[in-house]
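The same subunit A turns up in both complexes below, where it pairs with subunit B and then with subunit C.
Here is the complex of A and B:
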């Protein structure tokens, strides 16, 4: 019984990060049609910012907001400089441009920070382990879940209970109609990049505090995880993204615990096999609508 | 009279099909001759680079078969290269070394030791079989979702290859493959590959898959099976990629599962996209341009002298410039340099005044 509860908690904490990742991606996908291959690399840069601020000796209370602001700014700049010129109606070009951006970000990071691993510091009390209902959990995992819940609630309120959210959703639904209703798609694209970047800033902190070290190529792993969660959930659906993230989290936690030792190496492969099977049954994902990207 | 033309890839006239295939072969022969000239000019100092270019060009042409005729960008073709490389390695490894390196190989594999040609055939066949099995799942998706799933295919292949210790030595280096890849092997395979790509492109199956690419709904209404029309180019493309993998295995002789991963996919995709995914000419052009540029950046990174000044370009200049090229070029020309145009041999007849429309083999304006 405690075994199941342990897996549940592990899955919840993993899933919280994945759900945030998928949310960050899906915000921009909804409005612009961009599946951002460089998202992980943008998070990697934000994490380097955080690590540098830390190395300067700034306290946590200052580092956290500065990192989130940094992530937001980076995302805004990238959106303006790189993606706006591509236009909204070409998802494939957008994807390939983000592919190019990923190359540039990694190459620049190697240039600036070198290939050696950076230690990503975290306060000592976060790595402490507490017992919850017979299961062992680190404080950081609980913080993960709490932060994810707070962000999800805030986003839900923003999207469903505010005029700004209505405008965002309208733009995601149909750009032309939204424009006729007096919504400026350009500002909505900016807003979605800002939200995506802010979420990226949060993930940069949570993810690398858990991993503990940082290299310029760390971004790829994050991107892959985000992609799986996104595809499970269905492109363009916020609810699907959250569901996909948690599903992936629980699947990974379950596989890590119950998979026979000989199969351990195949964890990520199995996760992808599940995704492929799922897509065969439901090409639009669990929460997605049928769009022209799925048949 | 037969004349070289630069025009869209639609064919007119009776002999156009054979001429189109012939023109693809011609491109291959031109590249081959250029490579020979280059080898003489550089006095054999760049042989390795020219060989690798040939293999990369074959990979790009192979990828073009799928991307060009389905419009789906595959990020996972490196998986087929890996399968081809391992398959070629396993069947051609000397029996004595097999006993030492791969003692757990099952049955026949333990005792076979194939020469170059059958080994390449096995490489292509193995990749094609795998593609045929997983293809139906992959080709149901298009656009960004397909990109994600093909990337997943690569991750799965990578982990399976690392896990299948009996066949691949797991995470250890697979070594001892006979070094039999020569200039002639690479470039004659490239010419054949170009021929296959052209044969497929203008065959009835190829035309069907391009119709599905342009409008799946209309194609389905015409009785075309969408899945099959995408699956066949997937398998053909995988087979060619597998052969390229085999060539590479026989050239590099030692490799591991991580030699075929996301990082290695990048230049191949960039070559195809920048050159023009819809066109065989474009694929070759992209391969030539980016390979040349990669070599230039490599020289720059090694350092160069301007007068008395010794300068060294920053590390990673290659991937940095490749990324910048994608970012700057795609918004401006999403279809690549050539777009859907090809270099084609066309049969040009003198226009007779009685004939309605223009001479056969030429595009009517507009």
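Here is the complex of A and C:
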């Protein structure tokens, strides 16, 4: 029983990070139709910012807000300078641009920081292990879950209880009609990039504190996880993104625990198999809706 | 001469390299109702979309309440007092009925002075009084409504911004005759309240019973523009109408 609870806690912690990642990606996808494959690399740059701030001796209480602000600004700049130049008409062009941006961000990071791994610092108390219901869990994992819950609650309130959220949802569904409601699509695109970037800032801290090291190519793994969670959840669905993130987290935690020792190297590959099986059963993802083409 | 609310002069617009509307002019006075008629493909929806700002105006000009809005985007035009019920209603299916309505008030929230939250609530209640079915379905999804209910919601949503000019594109499209009659009864009620309207229709009968002035488009040009009482008899109108059908399809 404790084993199952341990898997649950591990999955919850992993899933919290994945859910946030998928949310960050889906915010922009919803409004712009863009799957931003450079998202992980933007998070990698934000993490380098955090590591640099830390190296300058700034306390955590200052590093956290500055990293979130940095992530937000980077995302806004990328949105304005890179994606707005392409326009919102062609999702394929946007996708290719995001691939190109990913390559540029990695190449720049290699130029600036080199190929060697940086140690990503973390306060000592976060790596302490505590016992919850007989299972072992690090303080950082609990913080992960708490932060994810707070962000999810804040986003839920923003999207469902505010005029701004209403405008964002309307723009995500139909830009043209949203304009007839007086909604300015450019403002909504900026807002979605800002939210995505702020979430990216939070992930940069939580993810790399957990991993412990940072290299310019770290972004790829992040992007892949975010993309998988997004696809499981159903593209464009915020609830689906959260569900997809947690499902991926639980799948990974379960496989890590119950796979025979010799199979553990294939843990991630098997998680992908689970994803493929799920998509075979429900191609639109858990939160996506089947498009009715007959209407 | 009464004050003109909307003056469109020699408007040209289209898609890609193709001009769809060629030097179309029209005028709507305060409280006046205009009917834009024409067969499918005549350019009716393109015209109202250009008036709403969804299609850029290539040449010509457009004044709204005396201000040149030719280059102004749709968001600003809605804020100035134009409201469009688009073709096929375009209800936000992921939003509830009430959220659709609240969103409709956004242009008025941007006006100077802006509509306050309590005024939005008051307008919402007014909508529910006018459309009791929407009150019943307020927490349901916009996509769960029938075609007629969606049309009611589209009109109610457009009215939330307290427009000076309401444009309704094909209000009876896809509706059963009895439902269509209800929609027209509503439009007549709005007209009697003094709201200026542009009504786009493919079928002339209902629209001619509502509007003060009729404008017939054929292949992107105005082929007839006259007050309804000065129109030739119905058969002559149909001749113009059917003539265009034959020309375009032949």
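We take it that the second predicted complex is superposed on the first by the 290 of 295 C-alpha atoms of A that agree within 3 Å, B and C clash if a C-alpha of one lies under 4 Å from a C-alpha of the other, contacts with A are read in each partner's own complex, and residues count from 1 in each chain.
One rule holds for everything that comes next: contacts are C-beta pairs under 8 Å (C-beta built on N, C-alpha and C of every residue); 3 or more make two chains touch, one makes a residue touch a chain.
What you are looking at is a predicted structure, and each value in this text was computed from that prediction instead of being measured.
**Q** Determine, for the superposed model, which of the two partners subunit B and subunit C contacts more residues of subunit A.
**A** In the superposed model, B touches more residues of subunit A.
**Q** Name the contact category of A:77: first (subunit B only), second (subunit C only), both, or neither.
**A** In the superposition, A:77 touches no partner, neither subunit B nor subunit C.
**Q** Scan A:154 for contacts with subunit B and subunit C and give back first, second, both or neither.
**A** A:154 sits against neither subunit B nor subunit C.
**Q** Would you check which partner chain A:280 touches, where first means subunit B only, second means subunit C only, and both and neither mean what they say?
**A** A:280 contacts subunit B only, not subunit C.
**Q** Looking at A:108 after the superposition, I want to know if it touches subunit B, subunit C, both of them or none. Which is it: first, second, both, neither?
**A** Touch status of A:108: first partner only.
**Q** Between subunit B (first) and subunit C (second), which, if any, makes contact with A:176: first, second, both or neither?
**A** Only subunit C; A:176 stays clear of subunit B.
**Q** Which partner does A:132 reach: the first (subunit B), the second (subunit C), both, or neither?
**A** A:132 sits against neither subunit B nor subunit C.
**Q** Applying the document's definition of touch, where does A:60 land relative to subunit B and subunit C: first, second, both, or neither?
**A** neither
**Q** Where does A:86 make contact in the superposed view: on subunit B (first), on subunit C (second), on both, or on neither?
**A** The answer is first: A:86 touches subunit B but not subunit C.
**Q** Residue numbers of subunit C touching subunit A in their complex, please.
**A** Spelled out, the residues of subunit C in touch with subunit A are 52-54, 73-75, 78-79, 83-84, 86, 90, 92-95, 99, 102-104, 106-107, 109-110, 157, 161.
**Q** Tell me, which parts of subunit A touch subunit C in their complex?
**A** So the residues of subunit A in touch with subunit C come to 163, 166-167, 169-170, 172-174, 176-184.
**Q** Going by the contact rule at the top, pick out the subunit B residues touching subunit A in the complex.
**A** Residue positions touching the partner: 71, 73, 134, 137-138, 140-145, 147-149, 151-153, 155-156, 158-160, 162-163, 216, 226, 262, 266, 269-270, 273, 314-317, 319-320, 322-327, 330-331, 334.
**Q** Quick check on the complex: what are the subunit A residues that touch subunit B?
**A** 29, 35, 82, 85-87, 90-93, 95-97, 99-108, 110-111, 220, 224, 227-228, 230-231, 235, 265-266, 268-269, 272-273, 275-277, 279-280, 283, 292-295
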